[in-house]
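Both of the next two complexes hold chain A, though its partner changes from chain B to chain C.
Then we have the complex of A and B:
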């Protein structure tokens, strides 16, 4: 019960801190919209081409937006000693990672659920497969959050090199972008198998992320 | 009782300290002294399991803390050399967070008096970012009273605070050891405290 109360206290504080720094979320959403506008302007008024490329562009921008969030995971809490304080309070590093995954997915990925229909509007897509896009987005965004957690934790070990964290997200997001875009653009009978592959990737990352991230955090604390 | 046996720590092929023995029983204070870089903070980090020593063992109530730390953490308050309160939150929001995190039984009347004694009661609803360095440190020291644990480990608790607060902190130390508490702190300051063993850590220039 004590552990449960501690976890609730941490989640409540994360909500409060994110609410106070809401411009962070806003700036990431603006980045996403600006990215779409740049693609729209650079491709030109060819509606058919825009529509064909739209899903790939949206997913690329989601990955780039995730790149902007990975430093939010652990860096600040490591610098001000909060990760260690939480650990001493009895919360294991693995549970701290799970709390962070939950909070950052809600704050930095879920807002894109509103942005995707906006992107569809900007690309002039029809909305007939919007539910499928949303479903695949939810799975992909969870995978991207776990990747951001691993990158954020690895970045603690070498925080001078931000490119390292970004590269990890980029490399591991290649299969996500392949299966997500392909599932949306493929024929009906091929949709479910590709969603199943994405779910498989998600469960794999959900299983390994707490351990990998916690391991990196422990090393970062001992190096500090 | 906290028992430290033969503790050695090396970093980058350099010996930070070697074969340190400590024994801390209830009603006792250990004051760690030594010049900058001798490893006082490192020793405190090892005592809180933040660092793994290359040699030696630490026992809390007879149990090795590296094998069983839950009981140890339940009795431990660690005040680091950095302040853990979140600057984007108000003083009272930080305090409420600590209360919930550590399931503190302190009531609001006791809390008000602590804030009043530390002269930060008027900033209760102010953001921590608006506090001075000393007030920021005093807020961190509030955790000692909020958490109500038996063993206190403090890294440079006297830094940044004014003379009045230094005396107040020393009084708090005295009250804590009167109620069977135990304290280990590192400081360059020399407070007048009873039941205190001063341990001087010497600079080690040897390499492995």
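Then we have the complex of A and C:
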């Protein structure tokens, strides 16, 4: 029960810290809209072409927006020593990682659920398969959050190479973008197998992320 | 067994190994090139371009083998805390990158006359390109941390994560309908390649393995020497 209470306290702290500067979330949403505009300007206002490319563009921007958030995971907590304080107060690093995954998925990935209909509107798609798109979005955004957690934990002590963290996220998100975009664009009988593959990737990453991230955090703390 | 894990033991035995390996790799490469360029027959469809295979296939095998060795050493290094495995990782990553690069270049040189294009976004080609990027990232990884021990450990974790790509490369030709042909030589069935082409291929593979081993040993020795100097 004590553990449960302390977990709730950590979650409460995360929410409080994030809503104190909630413009952070809003500016990521603005980044998403701006990205759509940039794609429209670079491709041209051809409606048919845009609605063909729309799902790929949305998923590309999702990965780019994930790249912006990976420093949010553990960097500040490591710099002011909070992560070590949480650890000595009885919460293991693995549980901290799981709490962070849950909170940062709500803060930085779930708001895009509102943006997907807006993107559909901007690209002139028909709204027939929007529920399918949202379902696949929830699965793939969870995978992207786990990737951002791994990358954020790996780059805690890296202050020489800016692009490395984004490269880690991008190189492991190749299968996600392949299967989620082709699941939306393919014929009806091919949708379920690809969702199953995505779910398989999700459970693999949910299983390995806590201990990989915790291992990297331990290395960072012992060498800081 | 100590040869694989202990730097001083490695230095002692590799001093004995360098000269024989040099002679062997020279001999096998000469023999293999004579077989590949003069004695092996032309393909009835591909003509003389089939000879690209004798460079392409061995370098692809060695690119995969190098990554596998790095994965095994990373697991050993993280579990038993042996510093030698991190030395091996940082020494042989450029060799693997070079073999992957040779594989990609010869593949696209072979693809132009046969498929009519330098590059297709086919499963096998894309996954090998991802392998190349993984190698490049591994080389960069070590340089981006101030503390070298942290960089080594995190590189090892990244190598273990990246080894997901190896089975994807191996089975990509079976899982998806690709332009790239499936494997001609496998353990379970008799090879679908004629003996007159298989003999040069095997000799060239031996030669490439010898060259890779030789360069690997020299690089590991120089890495050990560099680290001794730094301490």
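Keep this in mind: the second predicted complex is superposed on the first by the 221 of 224 C-alpha atoms of A that agree within 3 Å, B and C clash if a C-alpha of one lies under 4 Å from a C-alpha of the other, contacts with A are read in each partner's own complex, and residues count from 1 in each chain.
Heads up, the rule we're going with is that a contact is a pair of C-beta atoms (placed from the backbone, for glycine too) under 8 Å apart; a residue touches a chain by one contact, two chains touch by 3 or more.
Bear in mind the structure is a predicted one, so any value in this text is a computation, not a measurement.
J.: When the two structures are superposed on chain A, do chain B and chain C clash or fit side by side?
T.: Aligned through their shared chain, the two binders fit side by side on chain A.
J.: In the superposed arrangement, does chain B or chain C reach more residues of chain A?
T.: The partner making contact with more of chain A's residues is B.
J.: Mind working out whether A:84 is in touch with chain B, chain C, both or neither, as first, second, both or neither?
T.: Only chain B is touched by A:84; chain C is not.
J.: If you stack the two complexes on chain A, which partner ends up touching A:150: first (chain B), second (chain C), both, or neither?
T.: Second partner only.
J.: What is the contact status of A:174 with respect to chain B (first) and chain C (second): first, second, both, or neither?
T.: So A:174 only meets chain C here.
J.: Look at A:219 in the shared chain and tell me whether it touches chain B only, chain C only, both, or neither; answer first, second, both or neither.
T.: Once the two structures are laid over each other on A, A:219 reaches chain C alone.
J.: Looking at A:6, would you say it contacts chain B, chain C, both, or neither? Reply first, second, both or neither.
T.: After superposition on chain A, A:6 lies in contact with chain B alone.
J.: Using the superposition on chain A described above, determine whether A:20 touches chain B (first), chain C (second), both, or neither.
T.: first
J.: Touch check for A:42: first (chain B), second (chain C), both, or neither?
T.: In the superposition, A:42 touches no partner, neither chain B nor chain C.
J.: Output check: A:158 vs chain B and chain C. Expected answer is one of first, second, both, neither. What do you get?
T.: Second partner only.
J.: Across all Cα pairs of chain B and chain C, what is the smallest distance in the superposition, given in whole Å?
T.: Minimum over all C-alpha pairs of chain B and chain C: 7 Å.
J.: Per the contact definition, I'd like the list of chain C residues that touch chain A in the complex.
T.: Touching chain A: residues 130, 133-134, 137, 140-141, 143-147, 149-150, 153-154, 157-158, 161-162 of chain C.
J.: Applying the document's contact rule, which stretches of chain A touch chain B when the two form their complex?
T.: 2, 5-6, 8-10, 12-13, 16-17, 20-21, 79-82, 84-86, 88-90, 221-222
J.: Touching chain A in the complex: which residues of chain B?
T.: 48, 50-52, 70, 73-74, 76, 78, 80, 82-84, 86, 88-89, 93, 97, 100-103
J.: Touching residues of chain A toward chain C in the complex: what are they?
T.: Against chain C, chain A makes touches at 150, 154, 157-161, 164, 167-168, 171-172, 174, 212, 215-216, 219-220, 223.
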